[in-house]
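Quick one: structure below, then a few questions.
Chain IDs A, B, C, D, E and F follow the sequence of writing; residue 1 opens each chain.
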Amino acid sequence: MNKVVQNIKRADPAVVKALGACGVATVHEAQGRTGLLASNIRPIYRGASLGASAVTILAAPCDNWMVHVAIEQVQAGDVLVLAVTSPSDAGYFGDLLATSMQARGGVGLIIDAGVRDVAELEKMGFPVWAKAISAQGTVKETLGSVNVPVVCAGTSVNPGDVIVADDDGVCVVKRDEAEAVLAKAEARLALEEEKRARLAAGELGLDMYNMRGRLAAKGLRYE
Amino acid sequence: MNKVVQNIKRADPAVVKALGACGVATVHEAQGRTGLLASNIRPIYRGASLGASAVTILAAPCDNWMVHVAIEQVQAGDVLVLAVTSPSDAGYFGDLLATSMQARGGVGLIIDAGVRDVAELEKMGFPVWAKAISAQGTVKETLGSVNVPVVCAGTSVNPGDVIVADDDGVCVVKRDEAEAVLAKAEARLALEEEKRARLAAGELGLDMYNMRGRLAAKGLRYE
Amino acid sequence: MNKVVQNIKRADPAVVKALGACGVATVHEAQGRTGLLASNIRPIYRGASLGASAVTILAAPCDNWMVHVAIEQVQAGDVLVLAVTSPSDAGYFGDLLATSMQARGGVGLIIDAGVRDVAELEKMGFPVWAKAISAQGTVKETLGSVNVPVVCAGTSVNPGDVIVADDDGVCVVKRDEAEAVLAKAEARLALEEEKRARLAAGELGLDMYNMRGRLAAKGLRYE
Amino acid sequence: MNKVVQNIKRADPAVVKALGACGVATVHEAQGRTGLLASNIRPIYRGASLGASAVTILAAPCDNWMVHVAIEQVQAGDVLVLAVTSPSDAGYFGDLLATSMQARGGVGLIIDAGVRDVAELEKMGFPVWAKAISAQGTVKETLGSVNVPVVCAGTSVNPGDVIVADDDGVCVVKRDEAEAVLAKAEARLALEEEKRARLAAGELGLDMYNMRGRLAAKGLRYE
Amino acid sequence: MNKVVQNIKRADPAVVKALGACGVATVHEAQGRTGLLASNIRPIYRGASLGASAVTILAAPCDNWMVHVAIEQVQAGDVLVLAVTSPSDAGYFGDLLATSMQARGGVGLIIDAGVRDVAELEKMGFPVWAKAISAQGTVKETLGSVNVPVVCAGTSVNPGDVIVADDDGVCVVKRDEAEAVLAKAEARLALEEEKRARLAAGELGLDMYNMRGRLAAKGLRYE
Amino acid sequence: MNKVVQNIKRADPAVVKALGACGVATVHEAQGRTGLLASNIRPIYRGASLGASAVTILAAPCDNWMVHVAIEQVQAGDVLVLAVTSPSDAGYFGDLLATSMQARGGVGLIIDAGVRDVAELEKMGFPVWAKAISAQGTVKETLGSVNVPVVCAGTSVNPGDVIVADDDGVCVVKRDEAEAVLAKAEARLALEEEKRARLAAGELGLDMYNMRGRLAAKGLRYE
């Protein structure tokens, strides 16, 4: 039942990187407002962002054994995505594991649990989005799995899916939709640039989006 | 039932600004320890502060339509205060809306819900105090109201009330009490300066506040 | 029943300081993964750390009277550890009390409740680890105790115990185990240095920790 | 600043009682989906319900002094509504206070804090809607107010407002809207009876509410 | 993007019913400790249990339109499983919808949101497992989907999967594993009967499970 | 480091039983408002109560191995008190373990984690006070300790301490204070009886407790 899937497909690295540059809010909108992890998954320091391919981990509570197993599966540009079988805020990951990740080209961690050594992680430039910061040590007793489908912070993640993360949180793009979502996201960005200029010039959203008629029709009353 | 009140009274701009300079803790104490919003309303970046007049919004969960309506009512020096009819941590507000706010002289947002584009908002110098940071997109389907009395994060806010916000949180001052509260707040600040000097010189609060007798009377025992 | 214990034993100052330098995660591991406070106790600003002797406070909810009493008991290098008799997130402590603490050589505060004036506290370089940031004022009506055993954020703290705190949280070391824990912590740090070098060079944890056999024995399957 | 308002207006007792009989969900809908207290306010036992006039209390955290003060203001058919100045889950109220309430004709308690003696309260038939059940004792040190406007569990309550409470939670009806809301609520109940019969007979809501066209227009696709 | 899948496969009704009789804890163990929904999903009354086929709903926050759409897809023995696109504890479902469900043979509701009319639902014998009880009304404005894969309370549910629910919570069994899981669950029940008899006779788990050697090997010390 | 202490002292069984009969609120008050566990520890069914001697367990998250070890140490009239080394809401305990407990005369469980088989436990008359109800299975991999001092739900518990639990929650009485606390508790009960009669006869707490003077002195104003 516990397994490590060794060969996973990833999206085109250029697409993955470009999705990361679009940012979480834009990508989330571009794919029809889907794919966000729960808002309690927060970056351990501000200003980091990434677009990366997911190596998934399903781990037991307070047990980080599978992180070691997963790192062997990491390729350059990958991010670990760790889900737990029962809620935990223990510190599964710290600066030694981050050192190992960086040695293999890994670029970050998304974890529905805790992380520690956050000062060192910031110095190393290794971003983590986590549910908790906790020094709580973990054990290596119970098997989990690597590169199986998981539910992380309320959202399904499959190995090889694209993870986009920044100060707004974390969003998942299905691997085979990455290219299509990127096209929509970049279109949105272009559009936003134009809207931003009009709003900055003082035009109201009410007018720019042509909302007044619909508001009146719904019965909004001005006093 | 859903309405936009267009003409609201505001407090004297000089008083509003001066209240902002006093800070949340001082203003809260000056008005008899009242007016604080719940402590889960936190600034999205540190170091911002404001004193501003409230334009209030009552919005449906996950629906930011009324934000567009409210911005038309914003004057220079106003802050939006958004309450929801049912709990939500969706991202009602981002950098485009902030651009529109700044174009009209709006100076910030207090929201009992979520906000997104926080990295951009910090770059723009547009402060937000929010319950959550979330990229979750919202819809424009259900009417709410603008400039009606609301309960935001456990506290009553009326349109035109003065909002004071800083790293300690958010405090509301009733419009018609603004001047009186300012007088008391500034008196406190003067007093604090003197206390600070005495404490810095090594005097104990026990002595400065003359507490020893009352402690003994209540039965405190030293061993 | 309410008392102030005036003469408490402290650990050797050099040991206390050295434990602080080891950091929370290392010290927690060195003492067998014990002593952590709950992970909702967070620093009010990033980058601070301390090793200090605990002066404990047991306080009533929303009542900071005992903080004044405790400061008289503070010696250079001490940290206040405040526990409450019933949950509260009020702001028990601000810049005036911090001024008083610094005047006596106190170096920080651990509090299972709220704190305010956080911008000033950061400017003063007075670190606080707290459950909440809140401007909520407190009263001085109900006695508590100083330098009695307390449970703070789920962990027992005795007066004179060593507190280690940094961006990862807060850990308690029993006074009479301080020296032994320090020895183990420093041994861990030396070992970690070596591990870090090997991991940075690309060696896998799976090999460095010799995990493959045990994983196979437990039934992990590679696909 | 701390006061007891002795003469408050109440709604017509027959209207108050009839609103109670309509139930929380119906009354909430009848007044445009407003007036609900937060959903963490739960009955301490199932099967109770009430319609009653509010005697409001604003109390300090962990301090039940004002409950004694309020009971003197209670008339037959009144319910206490207790809000706190800072969050607390202490047990402000138990069987002795309930005995005193019943002696004066008081019929229940709504409290944004804790309650104790819940087994006895159930035996006495004294219903309470509370945020917590806790034996935590309180003090009598800090004044609050009685019969002032309060925000209880996120909703404004004025003295004399009508409280409707049942297994679904708690709803507030403004005193001067009580009659109008009752009329709408009773109209809803009549309508619901008819709808219930049609649904029980197998008719679909899709047809009864004529939804199919609007769903199609919005783009819902059947596969 | 929003769709209703009309023809879904269900597991053998006899298997579904038999899984329900095994209970949540047994089924969860039988499938390798997987499939549980988060523990904050609780029954609205005690003593109910079910085994049923899932008709899934993905709904907008505070919008119950899709419940009406889903009921048309319900067959005898089905349970609705409602997930939300953004967190909400509004009351999506009440006695009228339950009447409609029962008219079609539907047997319950699992909802990662709120429910109302709980007293009536208990009287009707219509069990609901929910995150909240709340009278908060919902709107019918935003499309969702019916019978698509959802993540409900942290767990993936596909249309036609088997839901087992009782006082311990809710567990999902994949449709095509239902038979195999049932076999394992029934084997566990038989085994438990024998264990129960031995434990009731005073035998210790330490001996029955032969744990003493392994405990000693791990280093457990008796004093 | 992991150990089982086999010979613990217990309080006089008659005292333990009598404390149980006094109830949580009374015992908590009698010992100066101390000893309560956090209010999120709730009975899994209503109407149970106990006075019992604590056999303590310190367990790893999601690991119930030590429960088996602890049961061997249980004598007639004992209650298990389980604390965890890191937060968990997994289901550590079910009907088989309860069967084993009852076979040895054990009378209940207090657990800062989860429990399952709650319907069966109620049928067996085996009361549990727990943080969560969850079917989540646990492992038997990591040692803990039995009959060591623990912090359970925010309160220190030593082996042999007296546990009092009822619908109001859980309270701990130190073993060597049991007799003295019982005397005070029974005195309180006698006094309460008299107070109850006076309140039932319509006397106000304001008069019975002679509060009017002190309220006026503090400045309470009647309008």
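Quick note on the criterion: contacts are C-beta pairs under 8 Å (C-beta built on N, C-alpha and C of every residue); 3 or more make two chains touch, one makes a residue touch a chain.
These numbers were taken from a predicted model, which means no experiment stands behind them.
Under the contact definition stated at the top, the chains bordering both chain E and chain F are A, D. Common neighbours of chain A and chain F under the contact definition above: C, E.
Of all residue numbers used where chain A meets chain E, over half belong to both copies. The two sides are thus made of the same residues.
A rotation of 120° superposes the C-alpha trace of chain A on that of chain C, rounded to the nearest 5. Averaged C-alpha coordinates give centres for chain B and chain D that are 28 Å from one another. Taking each chain's centre as the mean of its C-alpha atoms, chain B lies 42 Å from chain E.
With centres taken as mean Cα positions, chain D sits 42 Å from chain A.
Centre to centre, using the average C-alpha position, chain B and chain C are separated by 31 Å. Looking at chain B, residues 33, 85, 87, 89, 136 sit in touch with two or more other chains. Of all possible chain pairs, those that touch are A-B, A-C, A-E, A-F, B-C, B-D, B-E, C-D, C-F, D-E, D-F, E-F. Listing the residues of chain E that touch chain A in their complex gives 1, 32-34, 38, 85, 87, 149, 151, 154-156.
Residues 60-62, 85-90, 136, 139, 141-142 of chain C touch chain D in their complex.
By the touch criterion stated above, chain B contacts chain A in their complex at residues 2-6, 45, 65, 68-69, 71-72, 89, 91, 94-97, 99-100, 102-104, 114, 116-119, 132-137, 140, 143. Per the touch definition, chain F reaches chain D in the complex via residues 24-25, 28-29, 33, 36, 39, 42, 46-47, 166-169, 171, 192, 195-196, 199-202, 204-206, 209, 211, 215, 218-223.
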